[in-house]
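Consider the two complexes below, in which chain A is the common component and chain B and chain C are the respective partners.
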Partner chain A sequence: MLKYLVKRVLWMIPLLIGISLISFFIMHLAPGDITNNEAAFNPKASEESRQKLRELYNLDKPVIVQYGLWLKRMGTLDFGNSFASHQKPVFWQTTDKDGNVTKGMIQEALPITLMINILGLIITLSLAIPLGIIAARKYTLWQDKSITLFNFIGFSIPGFWLSLLLMYWLGVMNNWLPISGLHSINYESLDTWAKIKDSISHLILPVIIPSVTGLAGITLFVKNGMLDVFHQDYITTARAKGLSEHKVVYTHALRNALLPLITIVGLSIPGLIGGSVIAETIFAIPGMGKLFFDSVLMRDFPVIMGILTIGSALTLIGNLLADLAYAWADPRVRRGVVRN
Partner chain B sequence: MNKALFKKALSNPLAMVGFIIIVSVFVLAMLAPVISPYDPNDIDVKAILLAPSWQHWMGTDGLGRDVLSRMLHGGRISLLVGLVAVGIATAIGIVLGAISGYYRGWVDTLIMRLVDVMLSIPSFFLILAVIAFLTPSIWNIMIVIGLTSWMGVTRLVRAEFLSLSGREFVLASRTLGAKDARLIFTHLLPNSLTPIIVSAVLGVAGAVLMESGLSFLGLGVQAPQASWGNILTDGKEYIQFAWWLSLFPGLAILITVLGYNLLGEGLRDALDPRSNNK
Partner chain C sequence: MTSCGKPNQDTTDYTKTFPVESGGMLIDATIGEPSGLIYMVAGESAAAAISGNIFNKLLKYDKNLDIEGELAESWLISSDQKTITFKLKPNLKWADGKPLTSEDVLFTWKLVTDENTRSPYASDYQLVKKAEAPDPNTFSVTYDKAYAPALDSWSGLQVLPKHLLEKQDIHTTAFARNPVGSHYYKLDSWTHGENLKLSRNPNSVLGPANIDKLVTRIIPDNSAQFLELMADNIDSMGLDPIKYSRIVPARPELQKKLALYKELGNSYTYLGFNLKHKPFDDIRVRKAINYAIDKQEIIDGVYLGLGINIASPYKPGTRWSNPELKPYPYDVEKAKALLKEAGFADSDGDGIVERDGKPFAFEIITNQNKEREKSAVLIQRRLKDVGIDVQIRAIEWASFISRFIKTGDFDVVVLGWGLGLDPDQFSIWHSSQNQPGQFNFINYNNPQIDTLLEQGRLELNPDKRMKIYHEFAKVLLEDSPIVYLSAGYGLTAIHKRVKGIVSPAPPAGIGYNSHEWYIPEQLRRAETGRNEIAEK
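Let's turn to the complex of A and B:
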């Protein structure tokens, strides 16, 4: 297991270098240099702020030196300070000489995004697995057909449109749920119990909508996994032994069908992180997605580059965790018998 | 893909429904300048936020523009962006996948590592970051979506080439002295077309969703040019007073994307011999 872990972690190094190259390339996409670009979009950009940009990315130095310095920024996770938000540090808090702590922008936004996505993932899985099992057991019957129809719609519905409809129906028409932010305005004056209720009611829509759209893919995956497993010899053996159908499905088939799900959940991480841009923007949730969107609008380059890097790092970490979980769950992978 | 396969594909009810949806949407979009009841950009201050009626089937928006006319013209944009973006992605994917799967060795390793790197950057972040450094325009959107979604096709083409190059007919042709180009263009590529077409059709679905998402955020197709995504942006603005601004563009996106998904999955079912006996 340790050997596998070391190999797997070393494997991330070339990926990180690749990510640094691509992000460096993006920074140099703009015609001329990015200082011109910023000025073109933002008439208020002063000569001073251009100078800051040049200093931040060392634009006066040769390209190879610029890349080396960018690599150093990525390595030390020091992305400088935001242009737009009163010079707040992009990633992590800094302490000035008087001992005042300024929190980092990503530091504040990341936990919110992670919480929403993890809650969403739990809901998705707890619905998708039973639905997938039903679809596989009732294959080609009406249960399967309605789940398939639901899947097609889930694949095709724009999440932001579903958000608007639910916002209108639950928030505007019936006033059952709040439609923006994480807390009500009077949050501080509430007692503990009311605070919990307030937070939950704010989270319902932002958590449920991504899970509905993510549900289709995972349900289909569980269904196909179960169908494949049903054809295996050991299932025939289990049935021939006279085991109950319940036991065949839930102890023999399900465990094997769910194994690849670990990988799929790992692979869905970049989609979840990226998808948080639209969801958080609609519901005004101060997470990474909204921070990224706001930074794009204001061309706040240090924040954009910081979030791009942290988002990629999260994806790599997520994939690493998924692979480790797979190796833990499947002894064949752990002992190197089959490649994951 | 030959005629018999095409016939077989359309005998699949899912593919047929998808095909009909896509053709209808295309016809409506093509005819937009002819059948639109109003100019899509005509501002009418006396007709602001009117509910759907006989004069305005889908109502009017915050500037008094006719929503139906904007929907028809916006459809042209959404369909165009989807097709061009997927065209770019598929072209890159075929070239890289073919090189990777045919020549193997270090080129293959290099291309596959590039695919891994691209897949580990959240694509929506990547697209937004690129757009932040460029001017938002529909051409940039198409190029950026295309340049960030070729990885799946590359892996697919590579896998097809790897499995095909061991088959007898390829070995026979090689033994007879066929050059690389002949092997690739007359044997390997035509035999890989089916999965490429399926993935391209499904890819258009994704690209239409992506474009509408970007336009919804205001980073895609720019006003006053209409697109389904940016009509929805207005919808959000007026959600308390004008439900029609939110309902119709979303339905249009849903139906179009559903059409592509049905067509893609139907084609896969019809053309993949394995899926018939499951």
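Let's turn to the complex of A and C:
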């Protein structure tokens, strides 16, 4: 088991280098660089100034040389500084000689996105699992049909449209919830309790809306998993033994039906880190999706590479954790692993 | 502090007049967060909007767009027009109480021209051969030859404090996020991705402003911004024509609390020809297209009437704009006649004119900008009327610049020019400025224009300079290297609680006296950040 783990972790290194190499070249395939965007059409900004910028950023060198420079910096885990955002460190904070701390861009954005998406995932799962079970138990009855209908309405509604509608209804027509942002303007002056209330009220819409629109997939998954399990022999055996229906469903069927969910959660890890450009833009949330989108538009190469590298590293770790969790949950897999 | 359950019913009467009083908080919104507040290296408009409240310049434009002193009390131009000597106002101070002297100005100049400084705006200041600060109140600059846009350039350079930035790396310094300036406001806090809060600077060199606090919220989505404005959580935002002329007027509750302002922006949209490509080298073809396009239709259809026709590349109503020039009228017959004269005729009867057997067809490219795309569609329709087959392509900005503009690989563009307040447009029209990456990418080459542009740069007398640029605009209009499509209005909504705004807007725009705006105490929002009127 330990050997397997070490092997998997070591494998990540060449994998990450490969991912970064491909990302780096694809990024440079897109025409333009930061100097096209920084004051591109300002007659006051001369081409010489921009050429100078290009040299200072090493953008005049061949792509492979630029990649070498990047990789060399990465060797010391230095993600570099953003071109577009006043040389802010890409990943983690730096302290200058006077003790001023400049926070890293990913350091600031990642916790916000992770918090919103993990809360969203918890809500999705805690709704989808009961809904899926009900739909499976009442298969083809009205309960199943109405859950399916509800899910597909949620699935079909564009998130941004629902967001704007709810922002208008809850924020403008009724003063129930804040419209956008993470905190009120007077947040600092509130006491602890009011701060918590303020943060929660700002998070309600951005967390709930993606959960509702994302409900359909997982509910369907749970429902189909349950239906599959219901047809297994051991369920028939359990029923034949005279176990209560409750025990059959929640002890025997559910545990097996939920196994594939581990994979689903594992697969959703890149999404947890990535964040959503549209939701973050509408709700004015400074998260990872918005950061990545802006960096691409600005051709802010160090930030793009930083996000891709950290994103792929976390994804690989997430996959590993999902595999381990699977092995932990399912003895059959565990035995397979040991044999390997 | 949250739910109250009742709809927002605001019964305050905002139309009453109140005496001027100081205090209060004004909240506005920006779609982009500034990268830093040192404008010379930050460069983007979001940074300019906020750093402009924190830092002073030597000179500024007054409400009629004439230059006046800001930090400078007076300035003297030497008889050979090569040296400008600025006298600073006495007893200037930084917000931290340290004296502001000509040493700071000299330091700022050295910084912006330093070859390690990554500033896109250095070129104006690199023309200064010698800069000196002989005494704490005097700053002088000497140019190799007279440079008329110099005064304008000194109205653009925000003066930075030497005592805080000396020996700092301008690109990484914490000062960019924690600046100390000398203007009306100082930065109190900056919450990444959320807001920047400014409060009055007690040492402001121009005296105190009326409004106590300025808060800028970062709200990237325009619709969300408008919802915040409707819910009274922000006081002002820029509007698009639909919101300005349709949505706000149709809602009494918005009309009651929002005042709408329109002012001519410093920009215009145009259709530009690649003059190296045939047949756009032929003036008759360019004029034909100019006559064939109905500019009023574009203004009405795309900008809902909120724009004007222009005939020169200057803001109408300012001294540089030649009032005698008239835009090309919409005239299909003239367009057809000119095309015929240039050798184009529809010989095969397919509705498209040909010359030497080749149909007249081209592609208009533009960046992904709704107004420009819509304008291109209207142009496509009108040009079809005179037998020209037009295709349209909209391209993402960075690709647009590097793939098409820099390489000169285009026939016709629809683009806009944002203009400074100085009339010098050497970099846009002079024939020497057509290298890849330079701004004369349409390859305009007219010796008469070159001469006028060179003269205009050497002439510091405003009246003589005006004549030069009036002539320049006249030749340019006649030559038709671009088709002026329209100059749109800048549209702003500001909550009626803000008083002291001059309307209609003077040439400099409504913002020129924002330090005199005030918010009467009775009209202030309860300072919770969210509107609580419904709870009272």
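Here is the rule we use: the second predicted complex is superposed on the first by the 266 of 340 C-alpha atoms of A that agree within 3 Å, B and C clash if a C-alpha of one lies under 4 Å from a C-alpha of the other, contacts with A are read in each partner's own complex, and residues count from 1 in each chain.
Heads up, the rule we're going with is that contacts are C-beta pairs under 8 Å (C-beta built on N, C-alpha and C of every residue); 3 or more make two chains touch, one makes a residue touch a chain.
Keep in mind the model is a prediction, meaning the values are calculated, not measured.
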{"item": "Which of chain B and chain C A:Arg299 touches, first, second, both or neither", "value": "both"}
{"item": "Chain B versus chain C as contact partner of A:Ile153, first or second or both or neither", "value": "first"}
{"item": "Touched partner set for A:Leu15, first chain B, second chain C, both or neither", "value": "first"}
{"item": "Which partner reaches more residues of chain A (counting touched residues only), chain B or chain C", "value": "C"}
{"item": "First (chain B), second (chain C), both or neither touched by A:His252", "value": "neither"}
{"item": "Partner chain in contact with A:Leu164 - chain B first, chain C second, else both or neither", "value": "both"}
{"item": "First (chain B), second (chain C), both or neither touched by A:Ala284", "value": "second"}
{"item": "Touching partner for A:Asp96 - first (chain B), second (chain C), both, neither", "value": "second"}
{"item": "First (chain B), second (chain C), both or neither touched by A:Ser312", "value": "first"}
{"item": "First (chain B), second (chain C), both or neither touched by A:Lys223", "value": "neither"}
{"item": "Common interface residues of chain A - those touching chain B in one complex and chain C in the other", "value": "30, 37, 164, 167-168, 172, 281-282, 297, 299"}
{"item": "Chain A-touching residues of chain B, taken from the complex the two chains share", "value": "113-114, 116-126, 128-134, 205, 209, 212-213, 216-219, 232, 235-236, 239-240, 243, 246-247, 249-250, 253-254, 257-258, 261-262, 265, 278"}
{"item": "Contacting residues of chain A [partner chain C, same complex]", "value": "30-33, 36-53, 56, 81-82, 84-88, 96, 98, 100-103, 108-109, 112, 164, 167-168, 171-188, 194, 197-198, 201, 281-286, 290, 297, 299"}
{"item": "Touch list for chain A against partner chain B, complex", "value": "14-15, 18-19, 21-23, 26-27, 29-30, 34, 37, 152-153, 155-162, 164-165, 167-168, 172, 227, 270-271, 273-275, 277-278, 281-282, 292-293, 295-297, 299, 301, 304-305, 307-308, 311-312, 315-316, 319"}
{"item": "Partner chain A, residues of chain C touching it in the complex", "value": "1-8, 27, 33, 35-36, 38, 41-44, 115-116, 118-124, 156, 171-174, 176-178, 189, 191-195, 197, 215, 217-221, 223-224, 227-228, 230-231, 233, 396-399, 401-403, 415, 417-420, 425, 427-428, 435-439, 527-532, 534-535"}
